[in-house]
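Please find one structure pasted underneath; my questions will follow.
Naming follows writing order (A, B, C and D), and every chain is counted from residue 1.
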Amino acid sequence: MEKIRVGILGASGYTGADAVRLLARHPQVEIAALTANSHAGKPLAEVFPHLSMLKLPDLVTWEEVNWSKLDAVFCGLPHGTTQEITAKVLASNPAIKVIDMSADFRLRDMDTYAEWYGGTHRAPDLQAEAVYGLTEHYRDKIAGARLIACPGCYPTATLLSLVPLVKAGLVDASEIIVDAKSGVSGAGRGLKQNTLFCEAGEGISPYSIGKHRHAPEIEQEIGAAAGAGEPIAVNFTPHLIPMSRGELCTSYLRLANGATPDDLRAALEAAYRDEPFMLVAKKGVMPQTQNVRGSNYAQFGVFDDRIKGRAIVVSVIDNLVKGSAGQAVQNMNVAFGLEETSGLLQLPMFP
Amino acid sequence: MEKIRVGILGASGYTGADAVRLLARHPQVEIAALTANSHAGKPLAEVFPHLSMLKLPDLVTWEEVNWSKLDAVFCGLPHGTTQEITAKVLASNPAIKVIDMSADFRLRDMDTYAEWYGGTHRAPDLQAEAVYGLTEHYRDKIAGARLIACPGCYPTATLLSLVPLVKAGLVDASEIIVDAKSGVSGAGRGLKQNTLFCEAGEGISPYSIGKHRHAPEIEQEIGAAAGAGEPIAVNFTPHLIPMSRGELCTSYLRLANGATPDDLRAALEAAYRDEPFMLVAKKGVMPQTQNVRGSNYAQFGVFDDRIKGRAIVVSVIDNLVKGSAGQAVQNMNVAFGLEETSGLLQLPMFP
Amino acid sequence: MEKIRVGILGASGYTGADAVRLLARHPQVEIAALTANSHAGKPLAEVFPHLSMLKLPDLVTWEEVNWSKLDAVFCGLPHGTTQEITAKVLASNPAIKVIDMSADFRLRDMDTYAEWYGGTHRAPDLQAEAVYGLTEHYRDKIAGARLIACPGCYPTATLLSLVPLVKAGLVDASEIIVDAKSGVSGAGRGLKQNTLFCEAGEGISPYSIGKHRHAPEIEQEIGAAAGAGEPIAVNFTPHLIPMSRGELCTSYLRLANGATPDDLRAALEAAYRDEPFMLVAKKGVMPQTQNVRGSNYAQFGVFDDRIKGRAIVVSVIDNLVKGSAGQAVQNMNVAFGLEETSGLLQLPMFP
Amino acid sequence: MEKIRVGILGASGYTGADAVRLLARHPQVEIAALTANSHAGKPLAEVFPHLSMLKLPDLVTWEEVNWSKLDAVFCGLPHGTTQEITAKVLASNPAIKVIDMSADFRLRDMDTYAEWYGGTHRAPDLQAEAVYGLTEHYRDKIAGARLIACPGCYPTATLLSLVPLVKAGLVDASEIIVDAKSGVSGAGRGLKQNTLFCEAGEGISPYSIGKHRHAPEIEQEIGAAAGAGEPIAVNFTPHLIPMSRGELCTSYLRLANGATPDDLRAALEAAYRDEPFMLVAKKGVMPQTQNVRGSNYAQFGVFDDRIKGRAIVVSVIDNLVKGSAGQAVQNMNVAFGLEETSGLLQLPMFP
């Protein structure tokens, strides 16, 4: 079989680097183009020396890409930009599949998009076409999709653990509290004071309480899972943790319809029995980000709450893999009809 | 004025070391005895080389201490042991003041103690005499106390932020959810696999969900603040964070009696207006453990929840200072009628 | 082709875990036995939850292993033990290949072994047979070997950078200074105070100055490379760094025979031109452990010294991969005639 | 006694913050002015929330400072700027004492300055007047000085351990090799990619090999100590370590005049017997940065080298305290005739 020729847009960010890490060893893929407009003309090894052993095309601007040579494009660009590029590319090369790791096509409601991303959506038609790329829950749609909007890292960790429970009516969707903790790579490679080693190290800080852009995305999908027809307000409170990779969400839930924590665990086990990357911890076992570092796996645990009628659900992922580049590759596999785990079976790295 | 002669029992643990760090520079204190039964005979510098510049008595066993030479004793011993030692010491030297940093005298209910600490309390009479040492809320009782049970680190961080709100009836005490995050020093200096650098580093893990011994302590005080006459079940979910010091508690609260998040902030400001160590962050400012590292300060923030009728309260402390040795020194200051801030004005160290 | 059936002895240590991580995804290998005497009877997932997704045989004691079912054994046991086990296994199953990751067969001189490891070697005949497993420099011997003594992590990082230079006579072998820095995983998973998070974090400390057991191993090979017939004294000064993985050695060298730093770089490039895992950085580019994390690659850099007639060589590896389990797998590949890179092409993980 | 009114220029950097931390609790000091041109008009608490409990003047531009109200000025400005400001200030307010923490007045030779700092010195007359502020070795000159050039952090760590040995002729000054390791705060609070958490964390990298600006400063003082009349070339090789604070220098030395490592230790003990901040470790004890974190102490250790005729000296400091703000305060104390330890006796913070 001929290899899938992929381009990676925004290859100088952490998500781009992890996409290269995975795709360069994917047996059915050839990396045919890499873009990073601020580093165009350089080899990737200059911006990511840990990839210096690879033979790769040099970085170019996205305007220089010959799209007709590509079968798939991974977008790791800042939000806003992606809409424009995607529209241009698909207009002239309708057979390309776009796997978007940005936030540009995640929100189905145009008003919500405008409210949270500071402006009108520039490709509403494509938004209507886009499939939300939470692989385990949108697999059928992804299989036929041309434009896949990969979820944010937090929504991935949250929704994978909660969607089966909400769908089954085991928890009260109107009062979900998600206390989220993320490693610093989630903030990207841009220069910001709060992600300096001396600022983020040896300390923990909440941020964007009640205002994080992943909240409306979670609310959209919780609403859909609940069959509500519209988003449902969710408490989403993220914290910055002194580690590079990993994300842990602790969700505080009110049980519904007489469900018990054991019922919740059973529901997750049933939902994910045949899933290659979904791991439900046995009763009493604590998920931790160390268990999934560098890998595409997610792990879940369910615990009793000391307050009656409530339960606690914990979920962990690697934010750059299952939370971004890994899920993107998984979606590519689905979209091209490949083995879904292809190129994604690296085991977690511990310590 | 003559100096207060103090003994520190259990000086080879992190809490003991921080008590030495503070007391050695306290202008009204002389460190007259240091115990560490497994290191008896050694200078403290051998177990804590960062204190090698101090002229201190060598470590002895607690059996070797001449109690008649002491005015106050700081206990940093494992639970259980403290009860026995305190009973013996106070029987023969009733004028000594015991400032206990262990868990031995924190729980007023003997059955609760037995349930959580695996056995019958060995000094119930002293328990009845002991004062709970949450300084800002038990100051009057501490002033006349002979036995002060300093709170656990998590209860300190939690209760300082919640007690004023519960007392004022601004939140529903029956549904408090506390998501807590602690640095690794909270687990002590004992050798455990989960506190090795390679296990705790670059990752986050919850632990003891629903089963942490600080839960009944929090419940006791929330119950008291609510005027309930008995403990109230609280969700307390701790996580281990890859940092040495610091503790952050994010509390998810249902508002009561029409209160708003702004009312909560105002209540904290009112409660702590004249307190030297209590810092209430302005609206929109995020507390972070970096702001209090190494110091006796606590910082609080109040935030809107996206779910109506709820609020989020964040509190931070240094678990070894305000959460242990610092609060103990503060209590000593109160008990001996000294300036409450004496020896405790070191500023937070950042970065 | 039938798969190679391997057993991993000492699978509950970090080196054992990384051997599993690599071998479980090796296309020509089947993990047929795992031992950990203190955890016998448990699934590996209980001691390494990050490997819970694998279908693996449960842990057994090494006495329970059916050696006749194995083609190769990876030893990650404490020193001393390995000699005995290897002798027994090879006596009854002479066709097995033993790939030893311990220190038991690294030192060719029995007196040196006795001096540094506190006792007489218990399998001197096997020592005579053992091949030193520095793959790039002993490949021919490894190809036919039955017992391969994989180098220590520090010797690997040091010798890979220095052996070509010493062999070429470009540096004075009698005055080599190696300042080494290692992540904490190099100290293993055993419970030691100095590897607790709070002790090793936020600080750096030298250790075992002039007395580290990797010094005689380095000296043996430097002596051999220099054609000296005997070991040559080397300054080897290790430091513990607050990171889990990675090792960086900075070597301070006196140039010989009129060589320049550029000559040294050229010599490394020539030596490693066709090597798949050896990366020589361009002039001016700094190697860093971040560039090889989690991978079997090594990177080298050569720099001018401000003191005339001297040069500085920097080398980096991942201590658990190229410094242990990865090199062991590489040696297995060589010994069994497989593609040398098989199962080892995972790219470095950054960040 | 009236308090010394100090101004801190460049209070928004890490060095400035640590100067505030120390000076705000100094019993004989009043902080009368704080400048940070890019943050003028803000309270310091906005740029350093860990100092929010202090009552301090708001940040102003340096042009707004009323110099006539100040007795002393601490400069933590970028190099170059300091020369201009110092010249202006001293011209109009000749009684002010300037304690410079920048690099502007450290190099006595104007050509060396121009070579390393990229331009002609703008205040050569003041340079001639400036005293090098390595307190323990220039105390007499500092006592009468009006302009004190505090050493760089690396020179402080290096020179404190080496100057007594070079002066005593115990080591060969022409072949000193200094392998230095620093926490990330040494790089300042500016936004640079290599000091992001994800770049500097979980890894170690050398930088500026042979080209670091602290090299000529070390060489100047080693030359002076050797009585050479001119700088002596020194190997100075710095590495970036994943910690915020702390600096460890491992110096590799050739012994001279028949000296032994024990002689070196004895020389350091003799030189520093009466020094309050200089700690010489006993034979066999390893200095580590954890021992001095947050404090003005320095610790030294001397070790045998496996190569005959050589020795190893290790020194540690906190780069922001003894390596910058602490030493500056110490110099202020000397210059104003105060107790030298005033305001500087905070003990190291561990863990």
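In this section, a contact is a pair of C-beta atoms (placed from the backbone, for glycine too) under 8 Å apart; a residue touches a chain by one contact, two chains touch by 3 or more.
Because the structure is predicted, anything quoted here is derived from the model rather than measured.
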Starting at chain A, fewest touch steps before arriving at chain C: 1
Chain whose mean Cα position lies farthest from chain C: B
Distance between chain centroids, defined by C-alpha means - chain B, chain D (Å): 36
Whole-Å gap between the CA centroids of chain C and chain D: 39
Distance from chain C to chain B - Cα centre to Cα centre, in angstrom: 46
Junction residues of chain D, two or more chains touched: 14, 185, 198-199, 201-202, 242-245, 288, 290, 293, 351
Touch-based graph of the chains, sorted into line, ring, star, complete or other: complete
Chain C-facing residues of chain B, complex: 14, 184-185, 189, 191-193, 195-202, 242-244
Of chain D, residues touching chain C in the complex: 174-175, 177, 179, 181, 183, 198-199, 201-207, 209-210, 215, 233-237, 239, 241-246, 248, 250, 252, 286-290, 293, 303-308, 310, 312, 314, 351
Chain A residues within the chain C interface of the complex: 14, 17, 21, 24-25, 48-54, 185, 201-202, 244-245, 279, 285, 288, 290-294, 297, 320, 345-351
